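Presented sequentially are two complexes of chain A, the first with chain B as partner and the second with chain C.
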Partner chain A sequence: MAYVAVKGGERAIDNAHRWLAEERRGNPEVADISTAQIAEQLGRAVDRVMAEGSLYDPSLAALAVKQAQGDLIEAAFLVRAYRTTLPRFAAAEPVDTAEMTIKRRISAVFKDMPGGQLLGPTYDYTHRLLDFALEAGFTPPAPAEIPAEPEAMPRIHDILGGEGLMEQDAPSDAEPFDITRAPMQFPAGRDARLQSLARGDEGFLLAMGYSTQRGWGGSHPFVGEIRVGSASVDIVPPELGFAIDIGDVELTECQMVNQFAGSKTQPPQFTRGYGLVFGHSERKSMAMALVDRALRAAELGEEVKAPAQMQEFVIYHCDNIEATGFVEHLKLPHYVDFQSELETIRRMRADAEREMMQQAAQ
Partner chain B sequence: MNGYNFAYLDEQTKRMIRRAILKAVAIPGHQVPFGSREMPLPYGWGTGGIQVTASVLGADDTLKVIDQGADDTTNAVSIRRFFARTAGVATTTHTAEATVIQTRHRIPEHKLREDQILVYQVPQPEPLSKLEPSRAETRRMHGLAEYGLMHVKLYEDITRYGHVSISYDYPVMVGGRYLMSPSPIPAFDNPKMHMMPALQLFGAGREKRIYAIPPYTRVESLDFDDHPFRATRAPHACGLCGAEESYLDEVVTDDKGGRLFVCSDTDHCETRRADGHKGTELAA
Partner chain C sequence: MAEAAKTPRQIWMSVLARASAAELHLHLQDAPQLPDFRTLRGPEAGLVMVRGRAGGGGAAFNLGEMSVTRCTVRDAEGRIGHAYVSGRDAAQAELAARIDAALQNPDRHDALQDAVIAPLAEAQSAARQLIQRKAAATRVQFFTLATMRSDS
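This part shows the complex of A and B:
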């Protein structure tokens, strides 16, 4: 037989890419989907790509969803690889979520509170029945509207904090850690951890958060508040010296309220787990808040014994771009190492067989 | 390439990486954390090596990229194209002609020179990772040169199998101080690292570490006096060029146990054949 190794080569790669493009387009008799349609009608997918891609840009995220054929991890990867080439011209002022334009806001710990419960656009109370009207192309009626009085919606810890029941975070002017510029070191600060969780994989965080509910590092959580809406982003250009509004971002924020027994120096009070995610993603923000609280175990004097409480375990493994790359790199050729394994295992088997023969001869 | 800086990364990032490389060269074998960037290639596919190469590459360099010793494996092709496109540098498959060689899993058979740089792609820079999962803990162990755990692992291998069972990514001591992963090269290649005239740079993108072996540095594979390190290869000659010293791939030729052994270093094999060497399987 002639020597025919499986070699890729330039032409094979080019042809593979052409085939991929054809497959992505699908049947040419079916209309091409526009990125505007994706941005408008697959909003939750676009939101997830923005969150895990760590870049707020719905039109780029929609393009990534299209280019990745709806593979959201692949789409987030495209967005990340684009993000890394962008210059950083400024750091924003902290976003004030108390001043958000709210479209949904609920609390599980009070029946009512200042600003009220606002259900907003939610799947929560839909019956999960396939809606065949959508298949036929259905134009929904306009949502009900009533004139609303502008009313303040204070955040839950502002409500509970007044009584001293809720831990308060000391304000800090320290420059926050930047996980996109500096390598993670452990133990990691909460700023670095929250950044990692905010771009972490929704599925991974969901499973980790769920594990805390099932006894692997539980912390008795209550949803203090979830709010979804748009917040303005301000920057202070050094040449101006005052804040200017550069646009709005849609955010989902979750404040978990958790038990804390107190310590010798502190009376019992509630502690917080925090989740903040680009776009509308209650599942991700809640999971993030559960995991954030679990990761504070050491800080709060709790025993670290469950995976969700272990910083290195959670932070090193929550990034799906890193995880998918390394898992999928097993597809790359490994035949040189496998060859060395073959030689080793043959040698070990020969040794073992020789020993068995010797024993049999005795 | 339009819209991108020379060799993809912006100059600030390259400066940051070069600073990490300088530190790595100053402390041979020590893993230097660096602000690894997201690259347009997936993690685990050479992002660390690519960042190191991008940072040391100049317009007049000649680049060679190999994977498994071969220039024509798909990922090697992909990375070579990446730099041809973003840096416009000359590329080659000849080891002797290259000034920068990026590699995954092999060291070329041809002896490298002082004016060459060998860049390794590293999936897991921490040699102790299989024995101790926490990086906070392994950092401490490196600080204290506390490598007993690895010696115990080798000793247990010997008591169980009669020899060390690690066949690739075989741990080395660099400059008598730091325990280092040579990346998943076969143990056969380990001795080539010792006192190599070329600068050896290691990039781990996902794990955000860079380390280095400066030219003419002692690199010793871990062993015991009564169980010295042994480099092994398939006990055959290359079927194409007849080489008896090179590392061989085993190619399955049929479903009846047929095998062809050929050099894993494709340039080495082709050069030998051009010089008139012939293996037994080469069609006349």
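This part shows the complex of A and C:
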């Protein structure tokens, strides 16, 4: 495959982008939307762009949403491009999700969890009826408040861990693989897979997770816990030599609990798939946890037969920036490629016709 | 990092990291003027790689980056202040570094602590408590319905 430089489109491109800017702005009689409005009022879109753009910065993500006219994959692409312009100062200490300030925390397996079930600001149990009050401009009443004492919110495996019925985390201080610094290799470690999934396309992961539920590599999942809240980020700058807290990130964590029949070395117990995503994004964190568990098939001695269990298939195709690049590059000039294909087809047709004439003559 | 285990400097740095430049300016009006300073580095924008742990408590993995601004200053009294703050607010990072330097001076510490750190810490804590109270109002209070059959 070859690309040939084609000149002569500069003015057309400039004019196309001028028109794009006008179209992006829309009807000038309608007020311009501010990035602060996007960050405040389209928070889930901003969260998705931060997760898939792999950069936590709500105001930048809001700008990207505005610039991309709400095309969230284009917005994530803008954010990814921006991050390449900045130096990395440090890698943070792993966030402690047990210590998050929690807005929402639910479990589908334990009714009476220590710390309770907190619904938080959720779309669950809404009727999915369009609310025309929002169209008219509506100021909601203040949320209800109940005095709260800080209460420990143990994770699901800390509750069931005692009996050995649930797989425990294996703590490790190993330096994690970084897919932004080193090329992916297969089989990939769980660290590299989780990093890929955390910035993977929500739609792709949702479909892959769904496929496991429909029998393509199923492992009978339960939502052990979902928690949404903010966690502080600590770094240890070398010039200080001690940990400092540099601010908060909002996160959604999903602990999926799955059946496991046991293996030669392990008794039957529940295993877990894990999802952790920037922002409030339950669907993404659940899909990530389903796919994380499916990708552990080989490690757990299960037969790898469904797409969601295949590392190369999932990891190489979950990134919507890469996928967009390769699919959309088809729009670029392929004039010479196509010309040569055209000539090949003409030659093949001429050969076939000649053969048919010869056969008819015999 | 558990709050109880933090040193005073770690606490004030975490408070400064969560305060906007506007908030810092506002509270600095109630304190003696900060000493003159020279920037040794920045303020400059960069990234910090945020990490999680597989399963919540297992091996670390890279989750994604966050934007961070850092600044280092030396003030006229010879003290060096550092700031690393989330986001891209250069004015916040520079002020946070200047306040960090000044807070290390015992002659200035108490006034700044009272005028800047204490009220900001209180506001930040109040914001967290507000979230906890709203969350508590959405706590599910389960009760069991005893079903009775009348055809026995």
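Just so it is clear, the second predicted complex is superposed on the first by the 354 of 362 C-alpha atoms of A that agree within 3 Å, B and C clash if a C-alpha of one lies under 4 Å from a C-alpha of the other, contacts with A are read in each partner's own complex, and residues count from 1 in each chain.
We take it that contacts are C-beta pairs under 8 Å (C-beta built on N, C-alpha and C of every residue); 3 or more make two chains touch, one makes a residue touch a chain.
Because the structure is predicted, anything quoted here is derived from the model rather than measured.
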Contacts of A:Gly325 with chain B and chain C, given as first, second, both or neither: first
Contacts of A:Arg272 with chain B and chain C, given as first, second, both or neither: second
Partner chain(s) touched by A:Glu343 [first = chain B, second = chain C, both, neither]: first
A:Ile13 touches, of chain B and chain C: first, second, both or neither? first
First, second, both or neither for A:Gly137, with chain B first and chain C second: neither
Which of chain B and chain C A:Gly247 touches, first, second, both or neither: second
Touching partner for A:Pro238 - first (chain B), second (chain C), both, neither: neither
Between chain B and chain C, more extensive residue contact with chain A: C
Chain B versus chain C as contact partner of A:Arg83, first or second or both or neither: both
Common interface positions of chain A, toward chain B and toward chain C: 83, 87, 180
Residues of chain A touching chain C in the complex: 50-51, 54-57, 59-60, 83, 86-95, 97-99, 101-105, 111-112, 116-122, 143-148, 150, 155, 157, 167, 169-180, 190-192, 194-195, 198-199, 229, 232-235, 237, 239-240, 242-249, 253, 255, 272, 274, 276, 278
Chain B-facing residues of chain A, complex: 1-3, 5, 7-10, 12-13, 77, 80-81, 83-85, 87, 180-187, 312, 316, 321-322, 324-329, 332-337, 339-344, 347-348, 351
Touch list for chain C against partner chain A, complex: 1-2, 7, 10, 13-14, 17-18, 45-68, 70, 72, 82, 84-88, 128-140, 142
Partner chain A, residues of chain B touching it in the complex: 4, 10, 33-40, 42-45, 47, 67-70, 72-75, 77-78, 81, 104-106, 123, 133-136, 161-163, 165, 167-169, 184-188, 206, 208-209, 232-234, 239-240, 247-251, 253-254, 258, 260, 262, 264, 281, 283
